[in-house]
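Provided herewith is a single structure, encoded as structure tokens, for subsequent inquiry.
Letters are used for the chains, namely A, B, C, D, E and F, taken in the order the chains are written, and counting of residues starts over at 1 for each.
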Amino acid sequence: MKILLINPNISESVTALIEAEARRAASPGTEFTAVTASFGVAYIETRFEALVGGYAAACLAGEHWSGHDAVIVAAFGDPGMPALREAVPVPVVGLTESALATACLLGARFSIVAISRRIVGWYRDTVAACGLSDRLAGFRFLDTPLRDPGSVQADHEAALEALCRQAVEEDGADVVIIAGAPLAGLARSIRDRVPVPLVDGVSSAVRQAETLAALRTRRPAAGGYAPPPIKPNQGLPAPIERLLRGG
Amino acid sequence: MKILLINPNISESVTALIEAEARRAASPGTEFTAVTASFGVAYIETRFEALVGGYAAACLAGEHWSGHDAVIVAAFGDPGMPALREAVPVPVVGLTESALATACLLGARFSIVAISRRIVGWYRDTVAACGLSDRLAGFRFLDTPLRDPGSVQADHEAALEALCRQAVEEDGADVVIIAGAPLAGLARSIRDRVPVPLVDGVSSAVRQAETLAALRTRRPAAGGYAPPPIKPNQGLPAPIERLLRGG
Amino acid sequence: MKILLINPNISESVTALIEAEARRAASPGTEFTAVTASFGVAYIETRFEALVGGYAAACLAGEHWSGHDAVIVAAFGDPGMPALREAVPVPVVGLTESALATACLLGARFSIVAISRRIVGWYRDTVAACGLSDRLAGFRFLDTPLRDPGSVQADHEAALEALCRQAVEEDGADVVIIAGAPLAGLARSIRDRVPVPLVDGVSSAVRQAETLAALRTRRPAAGGYAPPPIKPNQGLPAPIERLLRGG
Amino acid sequence: MKILLINPNISESVTALIEAEARRAASPGTEFTAVTASFGVAYIETRFEALVGGYAAACLAGEHWSGHDAVIVAAFGDPGMPALREAVPVPVVGLTESALATACLLGARFSIVAISRRIVGWYRDTVAACGLSDRLAGFRFLDTPLRDPGSVQADHEAALEALCRQAVEEDGADVVIIAGAPLAGLARSIRDRVPVPLVDGVSSAVRQAETLAALRTRRPAAGGYAPPPIKPNQGLPAPIERLLRGG
Amino acid sequence: MKILLINPNISESVTALIEAEARRAASPGTEFTAVTASFGVAYIETRFEALVGGYAAACLAGEHWSGHDAVIVAAFGDPGMPALREAVPVPVVGLTESALATACLLGARFSIVAISRRIVGWYRDTVAACGLSDRLAGFRFLDTPLRDPGSVQADHEAALEALCRQAVEEDGADVVIIAGAPLAGLARSIRDRVPVPLVDGVSSAVRQAETLAALRTRRPAAGGYAPPPIKPNQGLPAPIERLLRGG
Amino acid sequence: MKILLINPNISESVTALIEAEARRAASPGTEFTAVTASFGVAYIETRFEALVGGYAAACLAGEHWSGHDAVIVAAFGDPGMPALREAVPVPVVGLTESALATACLLGARFSIVAISRRIVGWYRDTVAACGLSDRLAGFRFLDTPLRDPGSVQADHEAALEALCRQAVEEDGADVVIIAGAPLAGLARSIRDRVPVPLVDGVSSAVRQAETLAALRTRRPAAGGYAPPPIKPNQGLPAPIERLLRGG
């Protein structure tokens, strides 16, 4: 099985982190192509940055999806994901929705630990878009400026662990989702120091992508996720144009 | 007052329709700049087309917002709107959220009449994102291929009127929203032939944009709609880059 | 355009405050008739006082609506509003629903700052009746006895500003609604001292009333907001009786 | 135990119907005082009529509650009920909330059968105000003009029975609530001809009122249902004024 | 009237407590049969213990229901209740749903005070299953190991009273439900020391069971609470097998 | 990896069906132990049968879980699942929650196709318990008596396919879940004859169980899914008693 891993922002260091965690989580035989946005921002915290990242993800998906069995939009918040699910001929999953799918199978209520205060509004929208706000126990977040997205988990491990514990003790979380591609793998590192299951977006997305590919569900020809109808377009990058023609 | 009208798709005929309806609805003294996406599709029906349209809207907003008091994203479904609300220094409104704001002041439950079956999934997401799904009585839609977005209301006026009446009689709507920029003005034309108030996105958006500009609310410096934090970026079109630097 | 401003309680000082703020917010050419309840309480904090105020508002509406293009029920909590929307032949809006309409166009989640602890239960019902509880970040309220509704904003300005800031920092509000006619205008005064947009009920209602009048939506003849069916009645004040006969 | 039965509309024939059904449903030793609004309409179908009926109910409650152990607002839709719960020193219940309480103990989803199409909007608001919209399977209603509220169940028994059956077969109701004081007792008459439990508002309210009185819960001195704070008032009918002074 | 009181756990001391409170709350002439699970745990705090308790309750119900007019599952959380409502030929109520029914008639929002932190997850599920999460102000709970379920209210009365007051002052509860059969009667003891109505599960359930029996609603023959269809079974205890055959 | 497949009802033919589909869906190297309830009913359609099946599943889980990496409760409706998730030391998943997790990654709204009208009430509860009612487009169901659960898909294939198509065309489903262990595998057989993705509970559960086992999340020691506290018990089957002692 081949999975396309799309980092919708421009940080190669984060792509490397994502890819490493993906390899650790994958089934035997799963291979990855990891690609990084050629345009965009260092890391996405806002709806506007997600709009940019979603467009970058669409360009990458259009260019690279062929030859893969599934696509992962590897940023928490799932920029561009619902759109790509319509347009890409193979299954597409995002980190948030995959982490939520996993978390829902481990407990009734989950909290989300995030890398900044500013990012919470966008994440909250994403959880609501998944229809799961009623299972959200709350958010906990770092509240200091980030030096570098590639080193945030090393720089703040103790603080992040404390946030996880607060989510359990004060918010009543049964499960804690550690959000954001820059934190990929942290759930593994601090697993034994927090008393509830920790869920990681990258590894969840890898397994959910494998699942959808393995189940071989068909591409819809009707309903709200059928391919966009063919119609006039202009001025589009070739990969986008190709997706509009059916992939 | 000056308002920037952004058509996030490439149909000049629809831009003309939007601008004409905007002028009819505006207060004395309100002026419009109407711009059309230089890239994208003929009309947006899907999440993927909305992703493209949202990016086009962002490019147009970054290039043209300066000198205006408010910005309207003039496609139903509000492509790019939440993102632009963060990044553009003046108020930004979309057709859907504006139509919903108007409709909620006219009755308890609204139905939405739309130009195609395919478009409903995307619209439903948008209503949910506004938190108003519980006031949605239902959707009614044309179910025939569209010849031309610029002439859809002329081509299908009787069918659209019948859909409005069904929304009242069968779905129990107190108000009917006629959705989609290509239908701009239809609410006025068939006003006396449907027994409940009809709401139009373009005219609602014009009035809501005027309202936000007139109330002179401040640009947020905190919360989930503050401007995106300044951080490294690369490869972006100048208008997007400028919005990321604060507008 | 002529708008009828109804203060459903007996405080002339609050009527003056409302009218002054309404004039500041209005479009050129908009004129107001401001009327005060001849019976009722000094200010409404509870469902029971709202029942009384709603009846007073209905009497005033029936007596004075004619010759106006829209009616504003100028108390937060919107006493009598849904009922008047059915019975008065021109558009009717309340302060709460109008403030919510404005707030929803400025951010995802709003908090409400109020003049007393006791008032919160009633306000919460009102937000729920608008279907917007999911966007409510929380309430903040003064918790000291009020000397006089006419001077509450002068007496407590610093405390009210602090509540607004707490709503942003602790509740994660994107927007703060300053609730209650006695606080009309405070949003303007402290605008630069709170880091998110502040929304005022009176000015929002003035603009929304102007919008509905300008859009010239029809009076419903069907649905849940059509005029009440004609039927036997007795013992009613003339203005109420007139509304029951169709206005 | 003594219960005050308030008919918030002016139809003596409906008061008689209510009182007869109340006596049938009551525990041994329960006595009723049944009072009819001296002003208002023949029967309440709309929010505006409910505003009038709520005020009439408040006048009757203020005048007559003393010497009773509980008060029933005996119109479906519960006009004035939340307000009276604050202001009357003994428990107050409405027909809708009582019928919902009973229905929720008999199945997961309930439908409501009503006497007119026009009444549904108001009833829907009431169910939502009780927080129970998610358990509502739907509405079914007579769609012919009513000759007389006192004889509606005799005039339309077969049609009403058919509506109940449709609620089960087409809407999937586990329980059917027969709504409206004019239908008091119908649930008993057609009990064996509909395959699910039928719930009647009057008998439910009698039992719930007895329950609250028997449980001797205290009158709140805090929270959102404490008595309204004492403050200046003017121009009020004596019974209302007395309730504002604490009962 | 005869009511079967089922304690789904093995603590005879709690059965005695339940029965005593039931007798205090009952109408004249109501008699009780109180039975205790022959297998299970000392008190139920978790979903797994509730599964065991639900099965024990089913065995007791099948064995003892005959000759009774209604059945009460006398543990908060209502183990087995929805299942028994289908299978037992007379009305079945649980403590939680009954307490919620009562609480909803006394105020808009209720809090729940519980005997342990661990129990909250299960209780939250139960409130959600009743569709009433939106009226839940919050949970407050003892956070110390329990010596004995039979003496928990005597051992912790002051702490429980303090939790009730916090629910009012900090969570904004209009009503407080004191949860768990081991706390039966506490609402009466501390009634005058908490400023809002306190609701007790056992007494509420007794009154609701009497109400359902008195209203003589029919057993459903359709809908989701009709008796389970007859089909092959094996290996079941006689009381369960009898319920599967129709009671 | 070893997975325990629990059929909570007594039909060996259905166990065989489940096991065959599980093997088809599994990753290389995954092995199954399939066990069938020794007591219970032929197939579960109601809450009461689910109570029995849940208890049977708990007995089987306690007896057989050791030596396995995950447990599947292989009946749609997930009888006993939330309880087993607390008590079994390895991950436990149900067919419904697994199918929902898969469906949510394939579209916005799903419909559920079921084997009988009677089963819908119970399934609806289960979807609500997962917090996903807002994404449910509707139910479609066979409405004829079933000859044999083991042959239902062969007996009714054309009817089931038609129900799937109606879910798409009339209810607007993006995805259709084919519910009930007796239909295991049907999604594969009719995959090309329905225009949207079809989701099967058994194969989804196999993949989700593998995912949870592979992610090696820890067993909770806090929160609402920690093991039940140790406390006195009596009269329990050994497998249940062992689970109460920690597994």
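To be clear about the criterion, contacts are C-beta pairs under 8 Å (C-beta built on N, C-alpha and C of every residue); 3 or more make two chains touch, one makes a residue touch a chain.
Remember, it's a predicted structure, so these values are computed and weren't measured experimentally.
**Q** Using C-alpha centroids, which chain lies at the maximum separation from chain C?
**A** For chain C, the chain whose C-alpha mean is farthest off is F.
**Q** Interface overlap for chain B and chain D, more than half of numbers shared or less than half: same or different?
**A** different
**Q** Starting from the mean Cα coordinates of chain A and chain E, work out the distance between those two points in Å.
**A** 43
**Q** Mind checking the centre-to-centre distance between chain A and chain F? Centres are C-alpha means, answer in whole Å.
**A** That pair's centroid distance is 27 Å.
**Q** Just how far, in Å, is the C-alpha centre of chain F from the one of chain C?
**A** Taking the average C-alpha coordinate of chain C and of chain F, the gap between them is 51 Å.
**Q** If you look at chain B, which of its residues touch at least two other chains?
**A** 82, 85, 108-109, 120-121, 124-125, 128, 134, 172, 174, 223-226, in rising order.
**Q** Among all the chains shown, which pairs meet the touch rule set out at the top?
**A** Inter-chain contacts occur between A-B, A-C, A-E, A-F, B-C, B-D, B-F, C-D, C-E, D-E, D-F, E-F.
**Q** Show me the residue ranges of chain D that touch chain B in the complex, using the header's touch definition.
**A** Residues in contact with chain B: 120-121, 124-125, 128, 133.
**Q** Show me the residue ranges of chain E that touch chain C in the complex, using the header's touch definition.
**A** Contacts found on chain E: 108-109, 134, 172, 174.
**Q** With touch defined as at the start, can you tell me which chain A residues reach chain F in the complex?
**A** 25, 27-29, 82, 85, 91, 93, 97-98, 101-102, 104-109, 130-132, 134-135, 168-169, 172-175, 191-192, 195-200, 203-204, 207-208, 210-212, 214-226
**Q** Sort out for me which residues of chain E touch chain F in the complex.
**A** Per the stated touch rule, the residues are 10, 37-43, 45-52, 54-55, 58, 80, 82-87, 116, 118, 120-122, 124-125, 128-129, 223-226, 228-229, 231-236, 240, 243-244.
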